[in-house]
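One structure is given below, represented as C-alpha cells, and several questions about it will come after.
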C-alpha cells in the first residue's frame, strides 16, 4: 500500500494545476466536479491508508532511493495511524469547505479552488513527511496558499491587513525553521528525521542541538499560533471567507502541533527524552495559550475573531497534551484535534451563514436576529457545547485523556480556558438566537463590520454542510473504539526507536492485539471537571449577557478591576506587524533561553 | 505598542537571539571541516547511478525530486495568489491603460539583440542544467526576463500575446502538472513515485540522466510561464507613459 | 577553527529581523524579509563547504574527488524560489493595501485590533 | 582564529555580505533600497561562487537581477503613480 501516500499529495496538486490551468476552457460544472472529486478521492484514500497503517508503518521512498546502511538518500513518507488519521480529517474538512463554497463564488472561483486544493495537498504532505527539509517545503506551500486565500476579499482593508500579518509572521517562522535545518544538518549530516535522531544518540547534545531545536519548534509554534506567536491568527481568521477560516482554523493551525510532536518524538526525544525539560516548556506554553486566548475570545464581539481565539485556546490545550509527553496526552491531543477540527469548521460555517443572512458579523448587532433559525441555533449550541467539553460530547474524550497524565494544577487552567472560550460562544449564541442580554457592552470594544463574500447562495447546502460538520464533531467522543485506537496510534507515534527501525531498516512494527470496540471511559475527575466547566461557562455567559443587572457594587468593582487589564490585552493585540515580528523574536529568545537553562549539562 | 516601546522590547530580544546563535556556532564544526555523510554519499553515487555530471541537479530532480515538486507548486500557488489578490487592482486600472511606444530604433535594435541573447542563454541553461551549472529554474527566470524586455522595447501591444492567459495558464499548468504526471507514470508502472524510469544514456550528453531531463524541462516550462505571468500581473498597468511634466522633472 | 561565515549568517538574520520590526513601508519590509532569509542560504552553503573542494559538478574531474556538499546547494535552490514566491505575494498585498488605504505603512493599515 | 581556513577571497565575500545586509535594511527609501538590494544580491552571488556553489549562484543571479527588481520596481511605480494621480486630483479640486 505504499502507493497511497504519494497520491494524497499528487491528486490534489494535479487537480489544482488542472483547474486553474483550464479556467477559460472547460465549463463550470466539470470544473466543480473535478475539484470536489479530487478532494473526496483524497479523503477516501486517506481512510484506506488509515486502515492499512493500523497494522504496519507505511513507508514510501520517493524515486526508489532506499536508505543504505542506515544512511537515507531520498525523501520518505512514513505513515502511522496518527498521520493517516490527520490526513483523513484534513481531507474531510477541506471537502466540506469546498462544498460550502460551491455555489456562491462568482469571481475567481477557479483560483480559490486551486489554492484550497494546493493547501490540502501540502497539509497531507506535511502530516506524512519524514524529512526535515521536506517538512519546510510543505510548510511554505500551505503558507503561500493560505496567505492568498486570507486576502481573498480584496475590496476591503481588513483582509489585506490580516493576510499581510499572516504572511510576514509565518514566513519569518519558516526562515527561522530553515536556519534550524542548517544547524542540525551541520551537526548530523542528515535530513531524514529518523537518521537525525539516530545520529544524535552519539555524543553530547550541546548548545547547537538546543538552539536548533528552539528554532525548529518555534517555526512550528508560529504556524500553530501558540502564545506569544498567536497574534496573527485572530487578524487572519477574522477576515477570511468562512470556508477558508474553516480550513485554516480547523486543520491548518493544528498542523503546526503535529510538526512539533513529530520532531520531538523522532528527533529530540533521543537527546532530551530522559528528562521533562522540553515537555514542561511546551506544557506551560500550552497553558498560557489556553488561558490567554480563552480570555481574548470572551472579549470579542466579532464572531469570526471570537472563533479564532477559541481555536487558539484549544490549540493551547492540545499543546499541553503533547507537552505531557505520555501516550494518553498525545492520544488526547489527537482526539481533540478530530473533534475540534470538525466543530470549529462547523461553527465557522454557521457564522458564515449568519453573515450571509444578515450582512452582519458583530454579536451585538446580530442580537435577536437569529430568532427562528432553529437549525442554525441548534448547530451553534451543539458545536459550542462540544467545544466546552461537556461529558461525552465533542472534545470531551480528548480532554479526558489529557487529564489522565496531568496534575490538577495543570487541569484547572486548561479547563478554565475551555470554559472562557465556550462562555464567549454561548453568550454570542444566546444573544443572537435567543435575543438575550444587553444591547450594549462597552467592555467588548468597537464594532467591525464587513460585507460577506457570499452572494446568491444555495442556503440549504450551506446549512447542510454546517450540520454535517457539527454532528460529526459532537459524536467523536462516543464513537466506539476510537479512544483505544487513538491511544494505540499515540503509542506507535511515540516509539522513537520503532519509527527509526521501520524507516531506516524496513523493520515491521508489531501489529496490535485486537483493540476493543467500546466507548472509552474516563476518570471520575474528568467528569467532575467537565461538568464544573460546563456550569462555569454557562454562568460566565450569563454574566457576560447581563453584566448591567449584577448587583451595583459587584458590577462596578468588576469593571474597575477588569477594565485596565482588558485595555492592556486589547493593546497587545495591536494588529501591527512590526509588533508581531518583535514578539516572535522575544518568544524565540525566551523559549530558547529556558531550554538552555533546563537542558544544558 | 508605541515604536519606542517596540524598540525597548526588540533590543533585548535580539541580544538574546544573538546569544543563542553564538552558542550554536560554538558547537558547529569549523568552516570547511564538514564531515556529514549525506552529501558525500550523493557525490559518489549520483553520477554513476544517474549519468548526470551535475550532482546538484541530480539531487534536485531525482534524489530529492519531491522537494522540487513542492517548489514548483509554491511558485504556482504564488502566481495564483497574486492573480487573486490583484484582480481588483487590474480591473480598476484597466481604464487608464494607454500604450506607449519607444521610438528610438537604435535602442530597439539593442533591445531585440538582448532578447535574442537572453533567450539563447536561457535555453542553454535549461538544456545543459544536468551537465553543467544551470537548470529549469534559472533558465526559466531568464527567459521570462527576456520576454519582458520585448515588452519594454516594443509596446504594450507586442507584449499582449504573451500575457494571454488562454495560452499561458494551460502551459503553466502543463509544466507544474507534468512534473506530477511523470511521477505518477513511475507509480503506475509499479515502482515508487518519481522513480527515474527512462534510459540513462551516456554521461555528459544531453540524452543522459533519464527522467531528470524531463523533469528539468517540465520545471523550465512551469517557471518560465509562472514568471512571465507573475511579472505581467505586476506590470499589467504600471507602464503608464511618462507625461511631459514628469519627463521634465 | 574559523567561525566568521556562521557569525555573518547570524548577523544577517538579526539585522533582517530588526529591519522588519522597525519598517515603516511594506515594500521595505518585504525586502527585509528576503534579507532575513538570505541568512539561511549563507548558513547552508557555509555548512556544506569543504576545504579544498571543488563544485559538485563532475565535468573533467574524477567522481569521488573532494567536492562541496550538493545537498545544501539543492536546498538553497529551493529556498531561493520560496523567497521569490513570498516576496511577490507580500508585494501584491502591499499594492492592495495601498489601493484601499493610500498607505503602505504597516502601522497605518492596522484596521482591526484587539 | 576567526578566519582560519578561510581563503582571502572568501573572507572578502563574507565581509561584503555582512556589510551589505545592514545597508539594505537601513536604506528606508524603497527605490534606493531596491538598488542597494541588487548590489547585496551580487555580493551574495560572489559569495556563492567562492563557496563552490555555481548552481545557487546562478539562481541568485537571475533572482536578484531579474526577479526581485521587476516585482519591487513595479510595486514602487504603482504606489508612486497612485500618489501622483491622487495629488493631481487634489490639485484640480
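Order of writing sets the labels: A, B, C and D. Residues in every chain begin at 1.
Convention: a residue touches a chain if its C-beta (ideal position, glycine included) is under 8 Å from a C-beta of that chain, and two chains touch if they have at least 3 such contacts.
Small disclaimer: the values here were computed from a predicted structure and weren't measured.
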Quiz item: So which one's got more C-beta contacts, B-D or C-D?
Solution: C-D
Quiz item: Per the centroid of Cα atoms for each chain, what is the distance between chain B and chain C, given in Å?
Solution: 15
Quiz item: Roughly how many whole angstrom separate the Cα centroids of chain C and chain D?
Solution: 11
Quiz prompt | Euclidean distance of C-alpha centroids - chain A vs chain B, Å | solution = 32
Practice problem: Identify all positions of chain D at which a residue touches two or more other chains, and write them in rising order. | Solution: 4-6, 53-55, 59, 63, 67, 71, 74-75, 78
Quiz item: If you look at chain A, which of its residues touch at least two other chains?
Solution: 133, 137, 140, 144, 147-148, 151, 154-155, 163, 183, 185-186, 191, 574, 576, 578-579, 582, 585
Quiz item: Residues of chain B touching 2+ other chains?
Solution: 3, 6, 10, 14, 17, 21, 26, 28, 30-34, 36, 38-39, 42, 54, 56, 64, 67, 70-71, 74, 77-78, 81-82, 85-86, 88-89, 133, 135, 137, 230, 234
Quiz prompt | Chain pairs that touch, as defined at the top of this document | solution = A-B, A-C, B-C, B-D, C-D
Self-check item: For the chain B and chain A complex, residues of the former touching the latter
Solution: 1, 3, 6, 9-10, 12-17, 19-21, 23-24, 26-29, 34-39, 41-42, 45, 62-67, 69-71, 73-74, 76-78, 80-89, 165-166, 169-170, 172-174, 176-177, 180-181, 183-184, 187, 191-196
Quiz item: Touching chain A in the complex: which residues of chain C?
Solution: 9, 13, 17, 20-23, 26, 29, 33, 36-37, 39-40, 43-44, 47-48, 71-72, 75, 78-79, 82, 85-86, 89-90, 93-94, 96-97, 100-101, 106-107, 109-114
Quiz item: chain B touches which residues of chain A in the complex?
Solution: 2-3, 6-7, 10, 13-14, 16-18, 20-25, 60-65, 68, 71-75, 107-108, 111-112, 114-115, 118, 121-122, 125, 133-134, 137-138, 140-141, 144-145, 147-149, 151-152, 154-155, 163, 183, 185-191, 206-212, 214, 571-572, 574, 576, 578-579, 582, 585-586, 588-590, 592-593, 596
Quiz item: Inside the complex, what are the residues of chain D that reach chain B?
Solution: 4-6, 53-55, 57-59, 61-63, 65-67, 70-71, 74-75, 77-78, 81, 84
Self-check item: chain D-facing residues of chain B, complex
Solution: 30-33, 54, 56-57, 89, 125, 133-135, 137-138, 141-142, 144-145, 148, 227, 230-231, 234-235, 237-238, 240, 246
